[in-house]
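Sharing a structure here in structure tokens format.
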Amino acid sequence: MSTATSTAKPNTLNTVQAVNMALDEAMGLDPNVIVLGEDVADEQEGGIAGVTKGLSTKYGKSRVRSTPISEQAIIGAAIGAAIVGMRPVAEIMLMNFTTVCMDMIVNHAAKLRFMSGGQTHVPLTIRTMTGAGFGTGGQHSDYLEAWFAHTAGIKVVAPSCPADAYGLMLSCVFDDDPCLFIENMPAYWAPGAPPEKGVRIPLGKANIVRSGGDVTVIGYSRIVSDCIAVADKLAKEKIGVEVLDLRTVSPFDEEAILNSVGKTRRAVIVHEAVTPFGVGAEIATRINKALFGKLAAPVERVGASYCPVPFSKPLETAFVPSQAQIEAAVRTVLK
Amino acid sequence: MKSVYVDIYRRMTLIKQNDERFRAVIKLGRIISPYYPVRGQEAIPAAVSANLTNDDYICTIYRGVHDMLAKGVPMRALWAEIAGKATGTCKGKGGPMHVTHPATGVMVTTGIVGSSMPIANGLALAAQIRGEKRVAVAYFGDGASNIGAFHESLNMASLWKLPVLFVCQNNGYGEHTRYELATSAAKISDRAAGYQMAGVTVDGNDPLAVYAAAKEAVERARSGGGPTLIEARTFRFFGHLLGDADNYMKKGEKEAAMANDPVPKFRAWLIANGHATEADLAAMEAGIEKEIDAAVEFALSSPNPDVAELRRDVFAHELSA
Amino acid sequence: MSTATSTAKPNTLNTVQAVNMALDEAMGLDPNVIVLGEDVADEQEGGIAGVTKGLSTKYGKSRVRSTPISEQAIIGAAIGAAIVGMRPVAEIMLMNFTTVCMDMIVNHAAKLRFMSGGQTHVPLTIRTMTGAGFGTGGQHSDYLEAWFAHTAGIKVVAPSCPADAYGLMLSCVFDDDPCLFIENMPAYWAPGAPPEKGVRIPLGKANIVRSGGDVTVIGYSRIVSDCIAVADKLAKEKIGVEVLDLRTVSPFDEEAILNSVGKTRRAVIVHEAVTPFGVGAEIATRINKALFGKLAAPVERVGASYCPVPFSKPLETAFVPSQAQIEAAVRTVLK
Amino acid sequence: MKSVYVDIYRRMTLIKQNDERFRAVIKLGRIISPYYPVRGQEAIPAAVSANLTNDDYICTIYRGVHDMLAKGVPMRALWAEIAGKATGTCKGKGGPMHVTHPATGVMVTTGIVGSSMPIANGLALAAQIRGEKRVAVAYFGDGASNIGAFHESLNMASLWKLPVLFVCQNNGYGEHTRYELATSAAKISDRAAGYQMAGVTVDGNDPLAVYAAAKEAVERARSGGGPTLIEARTFRFFGHLLGDADNYMKKGEKEAAMANDPVPKFRAWLIANGHATEADLAAMEAGIEKEIDAAVEFALSSPNPDVAELRRDVFAHELSA
């Protein structure tokens, strides 16, 4: 167990600790919550980043299982357990490794409720981490949430800070639909405000993390912190940037988006996935349709370059959307 | 013991007669559905299921009506599902490749080759964690033994001693491709050794052999001894998909298999060995035939699902229109 | 060999025959062209729809190989051969089965050129079929092109008629990048005009299949024929519908789209994939941005319902976008 | 024969000294890169590569600098790649997990567990179709023997008699998970039988044993006899990823392995058996050390790639800015 979870309410907490706390709490609440994944048990150090540390010691090796490197078997086992009422939390170490178990996620976890006519459902949470910045190159750090958002029957959740990771994880575990829960690896150890213990953050609801009247910046996952930084910087120039953290990427909170952009008439969408055919396209399309003729500027998108994640540091840095790019996009829509 | 044999025969007959009727009704165009015939493979799920209760789980595949019927899925709901009706097991939304019927333990039917296995592990895992005595059966074909999911599943099941049976219905072909051209093992059960798992090849047309192998495997699973790979050799009498020409088959192969039809053979054995009389079995068969009549009638006269069903069961909450 | 390929120039041709012709021609031209996939050789009837019929008899079983049901091994073998100069055409029987080999397609075929710094490349064509309409249900008929369009390094090609299938297939085989070639199964046997023998259709270029000045309908794959039907119907009402067949979904012909919509000021995008996060979102976003303030109406999208493909016929019919829906969308943008 | 042994030792030394330097340079922060140490596993690729020419192909994995160096990848370009420089094998775009160097037959380096195998099949397939005598080697770890791609690849290679070697470097762990907890086979080579493939387990720290096994396998492959699964047992001295604490290891396990370091052991054997003198080897080692100095210097002083590289090599044509 990370030390954070044993103290009453720490002053700050990072995402590793926050997710750990949520899992600990969920396992304590419900014996149907189990954890599966590579290296997740304590004998294997509780996950490569320590997110599941302490859980196997506390809840036993039957409920917290380190698995072989067999992603199809991991998700398959989780699905089978889920359809008979367990609430598995399965880890796919890196988001890219969903490529070796897409069938299980997309054809089974996401579709079984529908195909069975509602007789079975899959209350499964898939935890996965990703994000460029650590020089892990082309196959270890891409954001692939658009694939899952395009798949009916699975929710996609991407917290931007430790407290949200905690509250959203609890909601995912106790949600009756499969959820893909995306953790940003480079931000794992960034400290944040602690969550209210036991408080679940609703899925499908966005969060206004900065209020402003001039432009709406919409993001999710780690890069929300860059959006905030830009908002704070521009606030000094009296530019009011409203930052909307989606929290849930699919289904996303269209109402909150339209309310905000309806007010600001300007929108910038920011994500770390490559821009073309990314989540930003859907959001932009919905904004454009709902607010047709009412926008002051075309919706801007800020995403990664259209290429695999490059290794070399200067390339990797240029690949990931920067605060400068976000700021430039904000200034573009303000022109 | 007598009752078990007769019970197996009952399940085989259920399968045989339903398959015959499915093919007939579909050929007449009264139901439009892709259909993967199961005639010839009756003995396998019939004999396996005789070792199972409603508490036990199965995961099966597109070619699965035999597995479902043997496990006890009610005929009317099955027929209605294949007819795409609102009264089907899955309200018509799943169809023949995705029949689910939790009450009888039919938890997943998948159209993806190999994918019954990883999920069966999960069913077994839940039973293991909860300390229940249930077992899970994964049915799959010979072709499926060459896909990655097979390997991952057997390895995990063996490591964790999951109460699961991997039942390979080796009918000699995967679609149009003959076993030897696709599978590098002389026997699929040879692969069990690579997982330190019990593995056995049996004559899948011999209900007694399948029954004995399944009994041993179910006992092993229930007592914590872990999984078993059972390869049951059989043949599909009507090709891959109803309507196929089967030109890829060896000359005479199908005819030879049909001449060795497991159903009448077992019937004759039951009578010859005094397990049942001709009259008993004829009555049973006639009873099943009547049930099928009723199921077909039920399916054909049932209403279609409402188009609003497109918005239901995507998530727990209904989508807005 | 299908009879079509042996006659000089048939009057009509279906897509099965057209792709067969293109493969035959490509194999004849270049010994590096090989064909791999389940049941593709003649001993196995030349593919479940007969698309590869005759090839193994003509070019030998070494170059035309029926494979085990092992999609990762199929694509892996094709990639390995491709990086040493062969031009494999690998069949993934149904598009949904890409879910069991996404790693090979996305992490290797699409990324090897970039990750190797241009030292290796993957001139691989993946043929795959899909499309609802045959009652094959939730796992056999979904359109997943958006996933691949969102992946840098792979082209996505989706012909709408036999002649295009022929000309685009030849281009894919001889293209130096990996191409995913999508064939619509329900339209396999629909007859069409025969192609010019030997003429390749360039990738990345759209085709204006109906000209009109009032609204642009953008589509690809089978549903283009429905778009045409709607255009022809509305022509009788003197409504000029320009139908743009993308042919290549990624990278798509933005110039042609903007030229057309720049003229008509109204756009409807049509595809068989589910609408949310689909290809239509990217196209709409680019139109909205480039033609901001110039459109007469919001861009409309027509896609499949947001759910797995249902089995029951009335549900399946309602799931797939209909001519009525396309027409309604056209009338909406004309309002 | 003498020259082969010394040649193997040269390759081992190349690996050992480069690994030491990589770790040192990275720890000093002069290069920032994830690094998967290879110390302890030198004998395997050194002895395998002694059977290969530049025409032969390898596919390796994130833990692969030993495989690359043994196969002959020039040190400067390798170092520059790991430093992310424009002069690297891949212009710095691939990095340590994706080194490619076709001139020496290093065709693919992958970060995805198991994915070296399907692609090695394809390299072998091309050679087979073209009637070339090349062979392909797929390197992978013990953990990778549990993923689907392993199974599919071995099955296909066996069916088609592809000229490929599946070389499993069994170092007892996959990340933090011990072999027995992840792998249900007593020996990974036990799995070969399920594919009717030749399979052998050798002491991966014994260059002579690996050499003999690889020689037999390469001859089999070149002569059309098909693939071989070689399991070479070894140990990784510096954990999974440079910086790991290795707390998951059994007490004393690492120390015991290090005491059994294959490199000095083989060195002593060469001298004791008159294959080389102390002076010969010392000179070789010093030569390699100087080359490494030059490679490090080259890498550190090389320019970074231009940001325009993001638009290049996505497709054959350059993307517009």
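Labels A, B, C and D are assigned to the chains in the order they are written; within every chain, residues are numbered from 1.
One rule holds in what follows: a contact is a pair of C-beta atoms (placed from the backbone, for glycine too) under 8 Å apart; a residue touches a chain by one contact, two chains touch by 3 or more.
What you see is a predicted model, and the numbers here were worked out from it, not measured in a lab.
S.K.: Quickly list, by label, the chains bordering both chain A and chain D.
M.R.: B, C
S.K.: From chain A, which chain is the farthest off, judged by mean CA positions?
M.R.: With centres defined by C-alpha atoms, farthest from chain A sits B.
S.K.: On a C-alpha centroid basis, what's the spacing between chain A and chain C, in Å?
M.R.: 32
S.K.: Using the average of all C-alpha atoms in each chain as its centre, how far is it in Å between chain C and chain D?
M.R.: 39
S.K.: If you average the CA atoms of chain B and of chain D, how many Å lie between those two points?
M.R.: 45
S.K.: Which chain A residues touch at least two other chains?
M.R.: 67-68, 70-72, 96, 99-100, 103, 107, 114-115, 137-139, 152-153, 306-308, 310 - these are the residues of chain A that touch more than one other chain.
S.K.: Which residues belonging to chain B are in contact with no fewer than two other chains?
M.R.: Within chain B, residues 88, 90-94, 98, 110, 112, 146-149, 152, 155, 159, 181-183, 309, 313-314 contact more than one other chain.
S.K.: Graph of touching chains, which shape: line, ring, star, complete, other?
M.R.: complete
S.K.: Where on chain B does chain A make contact in their complex?
M.R.: It comes out as residues 57, 59, 88-94, 98, 100-102, 107-108, 110, 112, 115, 117-126, 128-129, 136, 148-149, 152-153, 155-156, 159-160, 309, 312-316.
S.K.: For chain B, which residues are in contact with chain D within the complex?
M.R.: Touching chain D: residues 146-152, 154-155, 158-159, 181-186, 190-191, 193-197 of chain B.
S.K.: Okay, in this complex, where on chain C does chain A touch?
M.R.: Residues in contact with chain A: 96, 98-100, 102-103, 106-107, 110-111, 114-115, 137-139, 144, 146-147, 149-150, 152-153, 250, 273-274, 276-282, 284-285, 288-289, 292, 295, 297-301, 306-308, 310.
S.K.: Going by the contact rule set out above, which residues of chain C touch chain B in the complex?
M.R.: Residues in contact with chain B: 38-39, 43-45, 48, 66-72, 96-97, 99-100, 134-140, 305-308, 310-315, 318-319.
S.K.: Which residues of chain A touch chain B in the complex?
M.R.: For this pair, the touching residues of chain A are 34, 62-63, 65, 67-68, 70-73, 75-86, 88, 103-104, 107-108, 112-121, 152-153, 155, 175-177, 251.
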